[in-house]
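Quick heads-up: structures coming right below.
Both complexes below contain chain A, partnered by chain B and then by chain C.
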Partner chain A sequence: MPRLLSTALSLRRDPRLLKIPPYVSALCIVIGVVWLLLLPLDNYSRRTYVSENALLPGQVHTYFGGSEQHIFRAFRHEVDLLASKNNYEVNDKLETILTGFGVKVGRQNYTYHSAGETYSGENVYGILQAPRGDATEAIVLVAAWKSIDEQLNRNGVALVLTLARYFKRWSLWSKDIILLLPPDSTTGTQAWVDAYHDAHDSEHIAPLPLKSGALQGALAIDYPHEERYHELHIIYDGTNGQLPNLDLINSIVNIAGGQMGIETIVQQMTGHTDSYHDRLQTMLRGMLYQGLGYPTGPHSSFIPYHVDAVTLQPTGQGWHDEMAMGRVVEGSFRSLNNLLEHLHQSFFFYLLMQKNRFVSIGTYLPSAMLLAANFTIMAIFLWVKSGQPIEKGASDESKERNLLSPLALVATCHAISAIPLFVFNHLDIKTLPLAFEIFSTSSTALPAVFSLAIASLHKPSLQYFQLTKSFSLLILGVSLATLSTLNFSLAFLVGLLASPLTFLQPTNSRATRWVFVALLILTSPPVVISTAAWTSGLTMSGVLKAASLGWNVWGMYTPVVIWCVWWPAWLIGATNTLIPAFQM
Partner chain B sequence: MRSLLSLLLLIVPSVLVSAADYHEQLNLRPLPLSALLASFNFRANTSLADFEAHNFRLFPRSLGQILQYAGTRELHLRFTLGRWDAESWGTRPWDGTREGGTGVELWAWLDAETDEEADEKWLTLTNALSGLFCASLNFIDGTRTIRPVLSFQPEGDHPNSTLQSTRLLHGVLPHEVVCTENLTPFLKMLPCKGKAGIASLLDGHKLFDASFQSMAIDVRPICPSEGECVLQLEQTVDMVLDVDRSKRPHDNPIPRPPPGHDLICDTTKPYHQPGDACYPVDHLRGQDWTLSQIFGRTMKGTCPLTDAEVPPVCVHIPPTRDIFASEGAHEIKYSDNDSMRCYQIDQQQEFTLILTNTESTADGVAGPLGIVKPETPVLYAERSFTGHGQEHGGVQAILTNPGDDPVEFVYMESLPWFMRVYLHTLSARISASSPNVNTSSADIIKEIYYRPALDRARGTQLELLVSIPPHCTVFLTYDFEKSILRYTEYPPDANRGFDVAAAVITTLEPKVMNIRTTSLLLYLPTPDFSMPYNVIIFTSTTIALAFGGLYNILVRRMVGANEVPRAAFKDKVLGFIEKLKKKRAAVSAAAASAGGSARPAVANTEAK
Partner chain C sequence: MSTTVTLQSKVGVFAGAALLRLVLFAAFPSLPDLLTGRVEISTPVTSFKRLQEGLFLYNHNVSPYDGGVFHQAPLLLPLFSLLPDVKNWPIFTALLYILVDLLSAYALLVIADSGEAGQSKHFTSPRRAKRSSGLLVAAAFLFNPYTIASCIGRSTSAFTNCAILFAIAKALSGSPFNSMVAISFASYLSMYPILLLPPLVLLAYDRQSDKRRIDSAVQFSLRAILIAATCISLLLAMSFALTGNSWDFLARTYGIQLTLSDLTPTVGLWWYFFIEIFDSFRAFFLAVFWLHLVIYVGGLSIRLRTQPLAVLTILLGIFAVFKPYPSISDTSLFLAMLALYRHLYPIMRYTYVASATMLYATFLGPAFYHLWIYAGSGNANFFYAITLVWSLGQSLFVSDLTFAVLRDEWEVERPDMVGKEIRQI
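The block that comes next holds the complex of A and B.
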């Protein structure tokens, strides 16, 4: 041991040591990416299992069916009759139906403003009081009037009404059942959940007239599908990449597959063959949704409040009917009803690669951490380098660092990042695309302006470059490492896209510089966003509108990460690369 | 003397069993939407002199001895499950005075000069009652006991001198699940047990399948203006049955979907088609039941001990509805209240009642439901938590006065110690839609009685004297902080949360009645209980590897093998042993050479 220590101590002075960090950095990136690609293999992912024993999925007989189908059809006719009515008329009718069963009904008005548009509506919800319960706990059944794809959720609403009437007859409920019928799949549930937890903006969102106990779980039905379906699509991504407890998904997979014989899929992966390719694709899709942090269904709003929720969406052509769907919901509710404690046993951080295969945080986290570490290693390396004399053989003592101007540049870049954040979340939809174009142009021009300004102010030295880059990478590394524990996918994606910044450096070779500039422009946030929008067939204004809505309604923090972490790092990297020539 | 008395009792029982000693009555009141309130009331009187002489007849000895031992003047015990739906069911039975919050609630006036003595007796009482009623009443410890100041008044007649030396204690167990094991001891206390009379209708399966049920035991001294004082034991069971649920056969209780042709449909709907689409209108159908259907058994005559004057069964239903009673029963109608009918029953015969449905709704038209319209309660109360997260929270009680008179009441909360109330945040706000919007918080809350919690020793007691103007809704709110418990203080189901007992509301004006809110479930910050294990393993490993290695390096001195000085002590010992060996060799050699000289030589060594 002491020999080892003394060897290490003597190595500290070895100049060869300083050549290693860039390679370590590159290695980190490579290992990080390879690590992710290894995850779908059998050795690195695990089969899912139900961890909470109280759930007992699929252990009960479900009786929903038979003559309930006649009632279901009648309610579907009622829904059809209401299709052309406005929100209030629809709610009047729904209220009449629910009150008829002896369900307590409440209504809530809400208005959201985002990107110059108003999103308003009225939620109607009923509380089916547990016959012997005491209003301490509740589970929620959601069917939005408009499905995720903006269609009439015809079967979903009718099914919820039929199930409410059916559930009312059972006396075994230990928790209240809340039937929530918001006018749309996006804003309605958010307003309701916020108001339920008294976290709403009371100016625009009305409080709830009726409340029950602590919410233990929520299930949303998104069922505009007309024909008989083949499989059940479980949508589980919450706002900001938060996920529901894995036990909830496992139970539903178990009930649908084991009891009802209905296939379940995740991340729209129809015909999953359980091959490496399919697993990887499922995982990457999941990461993309998680990274965007955008709500994917009416269930998403529940998850930030630690209420585990998923949306069930029947898809495909098959032979299962609405009653089968009803039985899945019944079975899941019976399982949730069994819960003695809040769902806490299983994982909250996972990546699903098949309905019954996952990797947990301990296994996948290193890949994002390695990407973040690459920035930190480089930052420390540059800090050490900046303190060393340039000429070889010069005196051994370290050089003095001039911190003021590098810090000023880094601070300026981070300060101006508030501008895009503010602009994109507060402008209205008409000016947003124009603003984005202006911003993209100026974002590309800004590094050139900055570098010229710096060059004219003082002759930039190598140390100046090293210090600015060091600070910028240090912030990036720390932010991404922190973010990776909250939203792994976002941290990974940003880390990957920002990884060229580690290796860009000023150069005197004209050709190399042009290569760098091209690389920089390709990986600049505005270009990446536009490319992503273009490849997924979305209009830029649609993307900007959705981002603004995400920020204003759901409190989505993806824009903060993009504009306030990634973009300033890119700006500093680009400025440094463009600084013409300096004393080498 | 006593033997003489018992002899007398044997000879002339009919003389001594006075009519007023015991009576029982069942009140049935159909409520909207297939709900039916059944109120059982059993009342037994024993003279105080008999009670003090340990002469128990109608009063159960088991309870009597407990009361005497614990010096209890007045006792109220409640077992409640479910919640009363005031919006549809109206006023509570007995004006809410015979019900408790969810779980078990107990309050009693105990003979005690000091608080310490009261605590001691309270401990005795709760432990004894816990055994008697198979309930965890022994868990009512100091943290769950409060001493209400405004909320409870003695119901019995106590002389002022006795009242001075009594203490009122109140304890509540919100998490206690009431079930059949509590019903059995309850029935055992009745003079006819569950064998005859209305108690024969009490079946655990039906009682605990009810939407709301409350069992109450009240012991209080009653002193009529003339005559001697009596100790009254009143046992009450209120239950709201779901008629549809109760009518399901015992052997097939599963609510399977009925066959298609049994559905009651709205035939006026354009899409109506038998066997295809059916808009259900069964909720518009009135109630029809028989007594044996809803209770699962018939009533076995009357209890022979009961007062013959009091009819054992009464039904509250409009006079237009038809009820048929079984043979031998006699219907009594009252001129002052035409919506009440009572039945006198033959002592020996089984009794049942049949309520038939009104035919007016058969065609799907919403007709009169054929029930007595429930009375609007004086006050609606609802309470819930506000806020989210694991650090802070708030409580909001919504109190609505639907009537034309102002309502004055005492609002009492008994909160656990880990819910640290910020009393400065207590506020009362009148809702914007109310007519008297300008009433300030001080006008609503007249008086506050607050006894703060002590960590792990006692809970918070909060009593507010509140007055609400007519047709107003008041939001009563306060904030609290959640404390972090010690690792071992968490129950096994820590992630479920902690139950917070119901708030007790006692109205003073316009009439005295009780309301209880629902209980609440409070989430506290809960540790990951596998974490300590991980931490222990991790730290042990770190210490073993890092500390062990470092300590080794720091403490151990490394020197060459030849540089080591020989250890002194070991040398001395070895030297000594060698010497000894040499001596012994020398001595034995000497002994061998000259036989007798051995002894002085040994002595010589010893002296040395």
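The block that comes next holds the complex of A and C.
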């Protein structure tokens, strides 16, 4: 044992040991990516299962149908008549209908401002009091007047009204049922949920006149589809990449598939063949939506308040009708009604790769953590190297480190990152594209300016470079590791795009430097954002408007990650690479 | 010339720190309340929110302890009821906290300029030439994000920290009486600083002024302890009179710390352990945890007799990890004292790893707390795991400092071993 110890100690002094970390870092990145690619395989993903016993999905007989169809047609007719009316006229009529069933109705005005535009409207909602409950718990049924694609949610609203009338006659509800009919799929639900939890900005959003108990779950129906449909698209991504409990999705898949014989799909993957390719594509789409953190439907606003919610969207050409959809909702509500406590059994962190296949956080987290770890390993390595004497055989005592100026550069870069964050979230839509162009140009020029300024202020030493890079990578690694526990996909994407920063360094070779510069420009945040917008066929102003809306309405933090974590790290990396060559 | 320059830069640092805090208080009116609610800053025994509750009851002539949430020393109440209402006039409370932080920094300045860290009465470090200037130490304390956060969060541990630093500063400047009064205040406010008494008495004994010298160590310590005891008794008697001639406050303030009956999460190690433990073992483990906290005092004071200031620093680090209700304010105090030992940094081995660990914990702690409390997708284990990492980072600093202090001593005894690799067995 003592010999082993002394061998280990002598190994610590071995100069060869210091050559290893960059390779370890590279290995971390490679393993991280390969790990993700392995997930769709049978050995790494699992079949889903309902773990909350109280849900009993598909175990009850659903009675919605028969003569309800006539009522549904009648309500659809009413909705058609309202199609050209304004928000308040629509709500007047809806209120009359809901009050007609004996449902208590409340209305709420709201106004949001973002990118110089105003988003205002009035929510109408009704509370159907549970015959067997004490108003301590509630489940929500949402149908926005305008669907996610800005069409009239004709069948959705009619179905909710029919279901409301139908539910009212049942005596078995032990939780209140709230029927929420916001004017649009984006801002309305957010205003309502905020006000329900008293977390609203009372200047722009009115409080709710009526309230029920703690929300246990929510279903949104997005049903502008006119013909008979083939499958049910379950939309589950919440704001900031938060997800509803997997049990909710499992139950709906179970009820729709097992009881009603309706196919379910996730992430718009029609015709999923359960092949590796399809699974991977589903997973990557899920990661992209999660990483963007942008709300995907009226359900998204519920999830940050720990209310599990999904949007159901019938799609495709098939033979299922509105009644089948109603029975899916009925079955799901009966399951939610059974719950004794909040959904907690199943997973909150998962990646779905098929309606019934998933990987849980324990399996996928290591890939993002490895990406984050590569930065930390490199940071520690550079710190150790910065303390070593340059020429061999010099004094054994470690070198004194000058911490002040590297820290100053890192702090400056992080401080100026508040500028793009502020600018892009406060300018109005007319000036946003111009601001982005100006910012992209100056962001490309800034490293050159910084490196010249540094070179003129003091002759930068190798240690200066090592320390700045070390601190910058340390902050990047810490931030990404933290982020990966909150929003795995965003952390993974940013980690991957920032990974060249680990290996870039000042060089004396002109050719290598140009390669580095090209790589840096390609992976700079503005370039990546424009490329992403271009490949997905969006205009830059549309992206900027959506980002601003996300920040101002939903509290989406993706801009913070991009401008205050990624961009400063890139800026420091680029500045370091451009510093005029010095004695290596 | 040089004195004016240092005076200018001193004023600059202090004014800058005050201005920064004022700007934070004024520009973000919701920030103080946000930080006050954070478990990392406000513990059951230092929380400003709980103080408000106590203050409300006190101002309405109800015993402040009847609410069951206020566990702080009674004398804080008249102090805060002198200030205008914090809801309407938050600026006065802010000014008080800023003032306390500046006083603490001033005390640190005195401590650093005394040079005690590098050269005490019985020990002279061979590395002392590379000491950090007092201004740098004060600036490191004032601009430490942990200090700023606990100042904005208005944690009442700011008063305790200030009293501890003044006790040390007064002991160094040869006024044992003031030092004992200061440590009595600290102990009265938070109880645990009483454990600093032995090294503090040693420090005061070593640094007595020549005019009023007491040569006998026993006589000196007895007098010091007598002063501290008298002062604490006076404070307790005043508290007794203040809370309607009742001794209830003892159980509600110090009793809470001794029995840990409030299990609100903190960054420390106690809350989770005592939530999990079976009630039949509770008394035993309370005794063990307290014994563990106390046991370092004797050992360190004896082993590092020649450097009482180092004992105080290490003890403050240990308390920041192992006391019942620690917060980041205690960490900021330890880090401030650690800044005095700049000459030992070259022989400390894990500074970067320990700082990285603490940085990780600082980022992950709030994230995991969010997952546990707000998102509901995590649980208490997440947050507790991070408090373990946090404590690990701090204990790395504590053990590394202890190692460096001992190695520094050892190199004086064995000059032949300077700069050589040593192996601990």
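Just so we're on the same page, the second predicted complex is superposed on the first by the 580 of 584 C-alpha atoms of A that agree within 3 Å, B and C clash if a C-alpha of one lies under 4 Å from a C-alpha of the other, contacts with A are read in each partner's own complex, and residues count from 1 in each chain.
As a convention for this text, a residue touches a chain if its C-beta (ideal position, glycine included) is under 8 Å from a C-beta of that chain, and two chains touch if they have at least 3 such contacts.
These numbers come from a predicted model, not from an experiment.
In the superposed model, A:H344 lies in contact with both chain B and chain C. Once the two complexes are laid over each other on the shared chain, residue contacts for A:E226 go to neither chain B nor chain C. Touch criterion met: A:L486 reaches chain C, while chain B stays clear of it.
In the superposed pair of complexes, A:Q242 makes contact with chain C only, with no contact to chain B. Of the two partner chains placed by superposition, A:E203 touches none, neither chain B nor chain C.
In the superposition on chain A, A:S67 makes contact with chain B only, not with chain C.
Common to the chain B and chain C interfaces on chain A are residues 306, 342, 344.
Looking at the complex, you find that chain C touches chain A at residues 346, 352-353, 356, 359-360, 363-364, 367-368, 370-371, 374-377, 419, 421, 423. By the touch criterion stated above, chain A contacts chain B in their complex at residues 1-2, 63-68, 70-71, 73-75, 77-78, 100-102, 104, 129, 131-137, 165-166, 169-171, 197-199, 211-214, 305-306, 340-342, 344.
Across the interface of their complex, chain C is touched by residues 5-6, 9, 13, 242, 304, 306, 342, 344, 348-349, 376, 379-380, 383-384, 395-398, 400, 474-475, 478-479, 481-482, 485-486 of chain A. If you check the complex, the residues on chain B that touch chain A are 33-34, 81-83, 85, 87-88, 102, 208-211, 242, 244-245, 254-260, 262-263, 265, 269, 271-272, 275-281, 283-284, 382, 384-388, 394, 396, 493-497, 499, 518-521, 523, 526, 549, 552-553.
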